[in-house]
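Multiple structures are listed underneath, in structure tokens.
Two complexes, one shared chain (chain A), two partners (chain B, chain C).
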Partner chain A sequence: MIEKFREINSSFPQTSYVKEHKSSGKKVIGWLCTYVPEEIIHAAGALPVRITGYQQEQELDDGTAYLYVNNCSFSRSCLQLALRGEYDFLDGVVGGSTCDGVRRLFDLWRKYIGTDFHQILSIPRKFTESAHELYLSQVTQFKQHLEEFIGAPITDEALVKSIELYNETRALLKQLYDLRKSDNPPITGSEVLEVLEAGFRMPKEAFNQLLGELIDVLSKSNAENKGRARLAVVGSVLTNAEFIKSIEEQGGLVVTDELCTSTRYWSDPVVLDEGKTPLEAIARRYLNNFPCARMYPSDERFDRIIQLIRDFRVEGVVSQIIRYCVPYAHDLPLLIKKLDAINVPVLALDVEYGSSGSGQIATRVQAFLEMLEARK
Partner chain B sequence: MMDGSSNKIEAIIRACSVITRMNKALPDVPESKNMYYKMLTDYFTRVQRAKEEGNFLAAHTVFFPTEILYAMDIVPMHTETTTWMIALFTGEATELVTAGAEIGLASEICTPHRGIAGAFSLKNALPQPDAIVWSNLICDNTAKSGELIAELSGSPGYFLDHPFQESQQERKYLIGELKGMIDFLEHQSGKKMNWDKLSEIVAFMDRQIELFREICELRKAVPTPFSPLGFMDLLTMDYFFPGQPEAIEYLETVRDELKAKIAAGKGAVDNERFRLMSLFVPPMYLMGFLEKLSHEYGAVSVTEPFFTHWGEGKLDPNKPLESVAQKAYMIPEVQMYGPMNDTKIQRVADLAEEYKVDGAVYYADTGCRHTCALIKLVKDTLSDVDIPMLTLDSDVVDPTMTSEEETREKFEGFFELLEDY
Partner chain C sequence: MLFGGIDIGSRAAKVVVMKDGDIFTSTIQDTGPESVKTAYMTMNAALDGTGVKIEDIDYILATGYGRVLVPFAEANVSEISCHAKGINWYFPSVKTVLDMGGQDCKAIGCDGGGKVTSFVMNDKCAGGTGRFLEMIADVLNIPLSEVGNIALQSTTAIPFNTICAVFAKTDAIKYLKQGAAKKDILSGLNEAISTRSYNLLKRVGIEKDFAITGGISKNSGMVAKIAEKVGLEPLLCEDPQLIGALGAALYAKDKYYLVNAQN
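Moving on, here comes the complex of A and B:
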């Protein structure tokens, strides 16, 4: 069953679904950062596609020549793919002012790639009511610009349908994650990442269908994954499932994560309340969602990590931070302190984007697992 | 927590007084230089004595609306620039940066911030602030550092969220954030905001901006009358003394000195050969060396697009809070903050032309991501108007990054290239 998702990922970044969508004359819009509401793109009849970098660690000569060596390898990897024409299929690109890496990636993308439609949303760093007002104004403007670009209005009705569809994805992903709460989950952490990856480059209608089938199969299967210790992976953006696989091959049981490509992506539904427009409901969810390390106060993020640790009975945390990813690197000393207070050890790894977790990293994971076992 | 070996502020004060004494003994030291060191001494003395004098001390990050602190009679301590000054005057920044690494900050976090966090983790390196106030101007380091240093110093904190772009809604948000900060400070310090004083400070700040603009105009003269790296002193004026009368006095003195030099046909260097554009901050530990090199080669920085050129606009003392928000959008460095659109980048090429620039130097600071990510864009823009650019890998604070020899070699090569251009 996982094979189906793998097959979709094999034609990264332009999957067969992207090709099919384009050939029907419809737009494909790339989004950078989880603060860009996909529902709006979907409701406009366009296919939202997540912009990420190479699936494996790469030499990033072009990316580095443009973004310089001290920007995170995620932003350099994305830009290099675009510079080499791999994202030429995009009709638009939408980003958020999330961090230095992404805002500069957006600047250079606009200048050197020149995708037709481009917009960067100002994302406040707080959760206050006035931050919500500001974010809503940005989302409203984005919707208007997209309408102009597409040449058709995005109706409330279409937005509600998109919300329902995306909420279904979120609910299914939650079911998938709940299966990982068992002692011996039927699916590995690396497989889950592969599933999510496919979902970023295919219509959610088809993804939900496949995901539903997968959950059915898993719920009935006798497959069991055993491990030496239950782990959570936290930190910078991670798309290479090999990284998690290498931890699992050493006996680590990755049961959950705090990554913008997984839990932080799907965790909170859009709540369609009485008296709130669909756009207001979307804006509220995206700003209040499981926060990125850029948000203030950091305790909002730390508290949710601690909750995950409890829910999934995590024994150790693997923090993987991409070099020059300042938001996460800055939070690390504080996070370690918080987790130390609840007696959960952290393995802090400095990685490059796309790392497969081999070599020195593997040795450190091995030592970490031994330490966790010795504590039992 | 480990023990700090000395109080770093004390060391800065000592160094500034030595320089002031030495300057007095030298002929030809411009009056503005003496004023500058006196101002620094006073600034750090206020920081040092805040506690014993019963004043409220607030540590704050760069491009912060310090006007509000001054209007509330709160003593400000600029975090990043304090690390720079420690590097510049005492050469003791490495110890702080190492301490930052020891509390778990990755080496990619810029040294001013690793250094300041390190300083707060050491005993007695810096005075204990009564509050930490910080904003996300101008990068992720500033945005993230406050929470950590508040935790390390055990001080309460307020994060001022500066919006990314300039829409009406964003200005409204910024004003709300400023109000929130005033409430926080009133609560923490027991002091009330003095709105009349803020209006007065805003009026002074407006005058300060006018003077910055006048000084820039004067620097267009050939030969340029302004010292090769003097722009760093100008930056300090806004960092430390926004809307303060002594800054106006200082800037007027600088302006008059420049006028006198122009009238006498004298340049800042004896034989001006290369008019340079500077981008970002030169390494503090090489300042003396770079100054020497400038005189040796007749090379002088005449313009710094993102350091000395204020954005358009005026401040209105009748609307003090709106003006503090307005100023935040006019600060030269803040032009680098929002999206780097074509107008902003074209301005770099226009300035090169207006200031008759021969070449540009980009100080590529290892820890400074958002500035380095513009190197290619600036280089391409300048190359369109035939201006070559030297990129110098460096670090503002960490002396292990670049040596004098390497820097000399690079500059010499660049000057040769300019010669043949």
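Moving on, here comes the complex of A and C:
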């Protein structure tokens, strides 16, 4: 069953779904950062596609020629793919001003890639009412610009339908994660990342269908993954499933994560209340969602991580932080302190985007697993 | 009963064979380009003249960066765990270990039973490791084994503001050309490396007793600098470079009894 998702990921970044969508004359809009509401793109009749960098760690010569090396390798990797024409299929690109890496990437994208439609949303760092107002105004403006670009209004009815569809994806992914709470989960952490990756480059209608089938198969299967210790992976953007696989090959059982490509992507549903427009409901969800390390106060994120640790009975946390990923790097000492207080050790790894976790990283992971085993 | 530990490091390969709870034989050899050949060569060198053959050893366990490539090892354990285990055999009171190896440096916190409680490793670069010192010794044209003693004679260390292997080498050549004494250059480099090691140690937390292991701990100048910074006299065993292999031999014994208890 997992093969179906691998098949989708095998053409990257333009999947067969993207090609099909384009050939029907419809738009494809790339989004960068989880603070961009996908529902709005979907409600406009366009296919939202997540922009990521190369699937593996790469020599980033073109990327580094345009973005100085003190920009993270994620932003340089994305830019290099775009510079080499791999994102030419996009009709638009939408970003969030969440960190400097993504902002500079967006600046250069606009200047050199020349995608037809582009917009960057200002994302407040707080959860206050005035922050919500600001964010709602950004989301509203984005919707208006997109309507002008598409040449048709995005109706409330369409938004409600999109919300329902995306909430279904979130509910299904929660079911998938719930399966990992068992002693011997039927799916590995690296497989889960492959599933999510596929979902970023296909219509949610088809993804939900596949997810439903996968959950059915897994619920009935007697596949069991055993491991030496239950782990959670936290930190910077991570898309290469090989990284998690290399941890699991050493006997680590990755049961959950705090990643913008996984848990932080799907965790909260959009709540449609009486008296709230669909757009207001969307804006509230996206700003209040399981936060990125760039949000303040940090405890909002730490408390959610601690909750994950309890729910999934995590014994050790692997933090992987891309060099120059400032928000995550700055938060790490605080997180380690919080987790130390509940007696959960953290393995802190410095990585580049796309790392497969080989070499010295593997030694550290092995030693960490030995340490966790010795604690039992 | 014979238990073997083999530690294929990036620069040196070490073997310790234990018999009746004591070290029966040991050796240190240069690591060659092929780990499998290095493994056989090192093990054979250790066993040479003892009348024991590889197959006579009841259980062999490998560690070090070449640990997965030892054909005659039945299991492997990371060098971090092995250093904690090995030092515990010599000094059960040790709570903090600094392992200074050929291509990396590790600070390890452990309990009184030889188990790791926390650890920090330097990042990918080889600055401030054994390989780095080898390179500088080469530039200065002095044998590696003399680096420590020569550095100790210095009274005015030349400050190095980098331990990047490439830049420090360039700086060392520049100072040599300016007529600086080799002892002052070496003392300056020891200062820079010990500062970096001290920072690693601070990240795991320094608790008494403190020990240094790995090849660099044979550099007396470095040990003196680290002792000064940490404020604790490091415990040094007879041959600190063998600690990883010793730990592996001790794990071999544990694994052997674990496996046999299960069967």
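Criterion: the second predicted complex is superposed on the first by the 376 of 376 C-alpha atoms of A that agree within 3 Å, B and C clash if a C-alpha of one lies under 4 Å from a C-alpha of the other, contacts with A are read in each partner's own complex, and residues count from 1 in each chain.
Basically, contacts are C-beta pairs under 8 Å (C-beta built on N, C-alpha and C of every residue); 3 or more make two chains touch, one makes a residue touch a chain.
Please read these numbers as outputs of a predicted model, since none were measured by experiment.
Student: State whether chain B and chain C clash or fit side by side on chain A once the two structures are superposed.
Tutor: In the superposition, chain B and chain C stay clear of each other.
Student: Report, please, how wide the angle is at the C-alpha centre of chain A between chain B and chain C, in steps of 10 degrees.
Tutor: 70
Student: Going by the contact rule set out at the top, does A:P297 touch chain B (first), chain C (second), both, or neither?
Tutor: first
Student: Which holds for A:A65: it touches chain B only (first), chain C only (second), both, or neither?
Tutor: Once the two structures are laid over each other on A, A:A65 reaches chain B alone.
Student: Regarding the shared-chain residue A:D350, is it in contact with chain B (first), chain C (second), both, or neither?
Tutor: both
Student: In the three-chain superposition, say which chain, chain B or chain C, touches more residues of chain A.
Tutor: After superposition, B is the partner touching more of chain A.
Student: Could you tell me if A:Y324 is touching chain B, chain C, both of them or neither one (first, second, both, neither)?
Tutor: Once the two structures are laid over each other on A, A:Y324 reaches chain B alone.
Student: Looking at the overlay, does A:L134 come into contact with chain B only (first), chain C only (second), both, or neither?
Tutor: first
Student: For A:Q360, decide between first (touching chain B), second (touching chain C), both and neither.
Tutor: A:Q360: touches chain C, not chain B.
Student: Can A:R103 be said to touch chain B (first), chain C (second), both, or neither?
Tutor: Touch status of A:R103: first partner only.
Student: With both complexes overlaid on chain A, does A:S219 touch chain B (first), chain C (second), both or neither?
Tutor: neither
Student: Could you say whether A:P124 touches chain B, chain C, both of them, or neither, answering first, second, both or neither?
Tutor: first
Student: After superposing the two complexes on chain A, what is the shortest C-alpha distance between chain B and chain C, in Å?
Tutor: Nearest C-alpha pair, chain B versus chain C: 5 Å apart.
Student: Once the complexes are superposed, what residues of chain A are shared between the chain B interface and the chain C interface?
Tutor: 350.
Student: Touching residues of chain A toward chain B in the complex: what are they?
Tutor: Interface residues on chain A, with respect to chain B: 65-72, 97, 99-101, 103-108, 110-111, 120, 122-126, 130-131, 133-134, 137-138, 141, 293-294, 296-298, 321, 323-327, 329-334, 336-337, 348, 350.
Student: Please name which positions on chain B make contact with chain A in the complex.
Tutor: Of all residues in chain B, those touching chain A are 103-106, 108-109, 136, 139-141, 143-145, 147-148, 151, 159, 161, 163-165, 167, 169-170, 172-173, 176-177, 339-340, 342, 345, 364, 366-370, 372-377.
Student: Under the stated contact criterion, what part of chain A meets chain C in this complex?
Tutor: My answer: residues 345, 350, 359-360, 363-364, 366-367, 370-371, 374.
Student: Which of the residues in chain C come into contact with chain A in the complex?
Tutor: 65, 77-81, 104, 115-119, 121, 123-124
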